[in-house]
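As written, the chains take the letters A, B, C and D, and residue 1 is the first residue of each chain.
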Amino acid sequence: MNEHSAGTSSPDQATAPDTEHRRELLRTMVLIRRFEETCAELYSAARIRGFVHLCVGEEAVAAGVMAALGPDDAVLSTYREHGHALARGLTLNSLMAEMFGKQTGCSGGRGGSMHLFDKSHRFVGGNAIVAAGLPLAVGLALADKLQNRDRVTVCFFGEGAAAEGEFHEALNLAALWRLPVLFCCENNLYAMGTSIAKEHAASDLALRAESYGLSAWPVDGMDVLAVERSAVRAVEAIRGGGGPHFLELRTFRFRAHSMYDPDRYREKVEIEQWKERDPIDALVKTMKAAGQIDDAGLAAMRSEVADAVAAAVDTAEQAPFEPVENLTRFVTSEAGTGEDRP
Amino acid sequence: MNDTLVETTYREALRAAIRQAMLEDERVYLMGEDVGDYGGCFAVSLGLLEEFGPERIRDTPLSESAFVGAGIGSAIGGMRPIVEIMTVNFSLLALDQIMNTAASLLHMSGGQFNVPLVIRMTTGGGRQLAAQHSHSLEGWYAHIPGLRILAPATLEDARGMLLTALKDPDPVLIFEHGSLYNMKGVLAADAGAVDIDRAVVRREGTDVTLITYGGTLGTTLEAADLLAADGISAEVIDLRTLRPLDDETFIGSVRRTHRAVVVDEGWRSGSLSAEISARIMEQALYDLDAPVERVCSAEVPLPYPKHLEDAALPQSATIAEAARRTMSPEQG
Amino acid sequence: MNDTLVETTYREALRAAIRQAMLEDERVYLMGEDVGDYGGCFAVSLGLLEEFGPERIRDTPLSESAFVGAGIGSAIGGMRPIVEIMTVNFSLLALDQIMNTAASLLHMSGGQFNVPLVIRMTTGGGRQLAAQHSHSLEGWYAHIPGLRILAPATLEDARGMLLTALKDPDPVLIFEHGSLYNMKGVLAADAGAVDIDRAVVRREGTDVTLITYGGTLGTTLEAADLLAADGISAEVIDLRTLRPLDDETFIGSVRRTHRAVVVDEGWRSGSLSAEISARIMEQALYDLDAPVERVCSAEVPLPYPKHLEDAALPQSATIAEAARRTMSPEQG
Amino acid sequence: MNEHSAGTSSPDQATAPDTEHRRELLRTMVLIRRFEETCAELYSAARIRGFVHLCVGEEAVAAGVMAALGPDDAVLSTYREHGHALARGLTLNSLMAEMFGKQTGCSGGRGGSMHLFDKSHRFVGGNAIVAAGLPLAVGLALADKLQNRDRVTVCFFGEGAAAEGEFHEALNLAALWRLPVLFCCENNLYAMGTSIAKEHAASDLALRAESYGLSAWPVDGMDVLAVERSAVRAVEAIRGGGGPHFLELRTFRFRAHSMYDPDRYREKVEIEQWKERDPIDALVKTMKAAGQIDDAGLAAMRSEVADAVAAAVDTAEQAPFEPVENLTRFVTSEAGTGEDRP
């Protein structure tokens, strides 16, 4: 794994800093943060419901990995997928409308926070069954291989998911069949209230993944540039026929598991220490040092994003609900959707 | 018996039952995801880790199949495990262990290995949790020989069913409807173990029998109020135990009222309501003045928005309507 | 149409269907444990590896959940997978993927991601394979919205259902009864795709309707012969598609005969037979001259010895008896 | 793993060869072989039915591991468990009667070949669901730990089972909770018709097991003395608080997967080569060299065993069947069995 250790190297080793690109990464993270903080407010105000899981603190993972993908690649995520969806380019309006359960939502309102889908972005969704996305990713990659398509399928999941049997079965299949899958394990050290030490007897997840014959390495998930570098390297290797890869993205959620969670199981100090490594602040620091942004520019970006999110909320609130008569639509395909029997 | 009453909730009643069982029997322990440090995904076991420690309030990794299997193994090994599965949808990951092992072991071994295991899980919709956290599969589980299936719908049953289940030599699944955890009420200070064989009449009536269980008991009692307002006297039966079914109680009631509506939050086709209707057909056909009606969930993975979820689930108005239909059936 | 007939078996008909589908559509492939080198655990895919190679006749490791999930993923990715699960009991390991993903994805995604997946598996008893290889869960699967459930009971259906299922935009589960693989018969040389929406009358009759599917069709036809010997004319209906059910065909028949017996190899409580009985209750109560009878499997994990297994499964004599009871019901 | 490599060392390194003990190991293997060859004949004659899986060629694993256990230890097996059951000491009569489905069978006739159980020997059975026994073993060991009982639970399974999710989940639980489990992976290179190369991306199973934090090593499964030595060492370590152990027992089945299997997927030469390493012949050779048995003694043993098996067949045939009225017994416990509700 050593040749990969650059994956955890510090930002200033980044090659040819590109101001525009870094501003995009920054904006993506700022947008995710603002979107989710707005969701938290809306949830507290009971304007959105269900289970809502925020990725505040983990934005660098979403922004960095998506920057390495092309439009034909596929992405599978979890119930903690707002960040992945925004970074993948799903529209703010379609996502906010989905939080409100509106017809204009990315899943027509039927999914809600845990089930964001968008076929046009090959975003194969949130998934509220832990680890269930891994076999789907294997299948999407198999379909690409069987159809000789040069595509990569990226699958996000947490370190807790790695304890599920499907993790084992899916990694074995992907490695056995050398499928173009990038497994992105977001190791935020907790699975709800269960710490990684209580979840895994052997908690070096990159090492675990390597034991299946995948190329795997750990990445500083708080450093968006490091994440992007590793993702680019992995995706290139996969496209080059290098088989499935696995990134252990070391990160932390600053907020509770879900809006239900009183967060009793973590020491405040642990959270505070991680907050000092806020991925947004970190990139801002790097960009300031490189003269790529200043306070005014940052303030402008934040207010532009705030306005966009606020506008999305208004639009979502005004959007129509699916008529009740349509309740049983999409249980099976309708003429026109999918492929029909003659 | 002591008749002082205490204010409590369904959640607290469940917790009190777990606590009592653990105090009374050293072999009892609670195992599942986040039952310890987190306090239980629905806070049922909150505080028990501090009282009983991590060996008996055992947090597990995300491995439904393995920790359910381990629960079975430890039951064979002399323990009395209470295994918690967060939500019924996740129990599908453990269904092999539940059906192919827990439910079959006693028979396959010619009576040598019984499995005194209790599995608790949350079931049901109504909280906008969408298609992977909201289903009602308890009636579906009731198809499996070798299991006892319980659906506590009241504080008494939340407090008492677990204690009796833990004395059962065979596997018992307890389905806790997610919308009941916050249900408030009063309970006898010395409430304890309850019968887990019989259905009970929750409201007496003479015109029509409403048969239900679990999360829809409240809705069905509301429907009975609506009917009373129209001068229709509805008897409400809480099945309580979904397997084995207590035919006597609901058949007896139908014999008196000559009409029945089965209310079941499961998807209609192949739900428990079908079995109830079929048993009425077999045992009381000639007592019927109208076809048995069924009010079930729409056959759709539950959608997120409230208006669609409400439309998908049994509501008091639709139950009352069905009951009215039985009062004036159009002869086929 | 060409009316030359060929001798074949149920197994060969299935194989011919897979082969035709693979020749006609490059997107079709077969995946499962031992479908390749071994030739299929029941030899259905024997020889196909040699013809189509290991990419399209894909052996998988022992990982039911992952290869079913991979089948779903590849279907979304544009392929038309046929996933083989050796035996229905093992499918429980993949039930999470089947219910929480395959059956729900289209709805959760607001109609964006349909899952054109076909899963084939062996079901049923009668071969002394005991409690972990013998169950009949197809009727239980028929509870799940979003799935189509097929039970080919004839050579025509073994030959034709798969082809139609592969054209379905949504997940289809095909249950092949293990005791049928060696069934011999003749088939039109040009037999091909068949309808998968309707039940069919396999034998016409006027006195009583026998409703069944899959492995018990033969037993039920035998029962009809026994009844004919007593001068009772039994109509035999093969449901063929267990979800969605074709009410029209069996309700129409019951309206004519006024009597019905449902024969279902599933465990009685909560079996598909209950749903059929409930639908007759709802749609044809006033046409009935007797309670609908059910002949199902005993509620026991199937035991190994033949005499006990036979006693547990529906037999022609018990079916005939049930039919006779409907001819002279004791008014309750 | 190197300090364990003695586990694969040659018999002559065996410490203090004990004639009586070796004769017992030999008799156990001869008995298993004869029992199964008789089953094959009975099956071909349609006198026993269902699925029957023979372990011919793998006898050293059963005989060697069981020799390391005490009466309070528990054993879990698979559908290929005749050898484990016989080596564990279940009576020949109760096993043969079970093959015939008779009331006098070890499972009262309800189980048949795939479901041999005997509570008095803590033989927790055959299991016809691949890998399903592993979580049960974890649970039995947990029960012992929670009740401070000094017992070991041994769980047999094949290399194919190691691809199932339950393998992953169970090994993690056992290692995480340091439970007294001995995992015995019978690596016979094939899972039905699927070779290990098609089953596992990374096929060094001892190494895979070690990656969970278990002590694990490979063993020559054709050498009963090597198997016993490794089992003894592992069981001692477990009793000493060393946590779960894993043995990869390298062996081969000389016959087809089941009586149904035409065995198309293996080269005859591969089978022949393994037959040259017949575990019975190997032990006989060692014992002869050590003057512990001669041809006459061997012949006597074989005929004594043959007579015992033949007698068991007669007894089984004469035994009664469970009355049909008892069909639904043991679906739930009866008063007396298990523990009853008041």
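Operating definition for what follows: a contact is a pair of C-beta atoms (placed from the backbone, for glycine too) under 8 Å apart; a residue touches a chain by one contact, two chains touch by 3 or more.
Treat the numbers as computed from the prediction; the structure is a model and nothing was measured.
Simply put, of C-D and B-D, more C-beta pairs touch at B-D. Using the average of C-alpha coordinates as each chain's centre, A ends up farthest from subunit C. Averaging C-alpha coordinates per chain places the centre of subunit C 37 Å away from that of subunit D.
Chain geometry summary: the mean Cα position of subunit A and that of subunit D are 46 Å apart.
Here the spacing of subunit B and subunit D, counted between their Cα centres, is 41 Å.
Work out the mean CA point of subunit B and of subunit C, and you get 30 Å between them.
Annotation for subunit B: residues touching 2 or more other chains are 61, 63, 65-66, 89-90, 93, 96, 100, 107-108, 130-132, 145-146, 299-301, 303. Residue positions of subunit D touching 2 or more other chains: 109-111, 115, 127, 129, 163-166, 169, 172, 176, 198-200, 331. Taken together, the subunit B residues at the contact with subunit D in this complex read 27, 29, 55-56, 60-61, 63, 65-79, 81, 96-97, 100-101, 105-114, 116, 145-146, 148, 164, 167-170, 196. Looking at the complex, you find that subunit C touches subunit D at residues 33-34, 36-39, 41, 59, 61-66, 89-90, 93, 127-133, 298-301, 303-308, 311-312.
Listed in rising order, the residues of subunit A touching subunit C in the complex are 74, 105-111, 115, 117-119, 124-125, 127, 129, 132, 134-144, 146-147, 165-166, 169-170, 172-173, 176, 329-334, 337-342.
Chain contact summary for the complex, subunit C toward subunit B: residues 65, 89-90, 92-93, 95-96, 99-100, 103-104, 107-108, 130-132, 139-140, 142-146, 243, 245, 266-267, 269-275, 277-278, 280-288, 291-294, 299-301, 303, 331-332.
Interface of subunit A with subunit D (complex): residues 163-169, 171-172, 175-176, 198-202, 207-208, 211-213.
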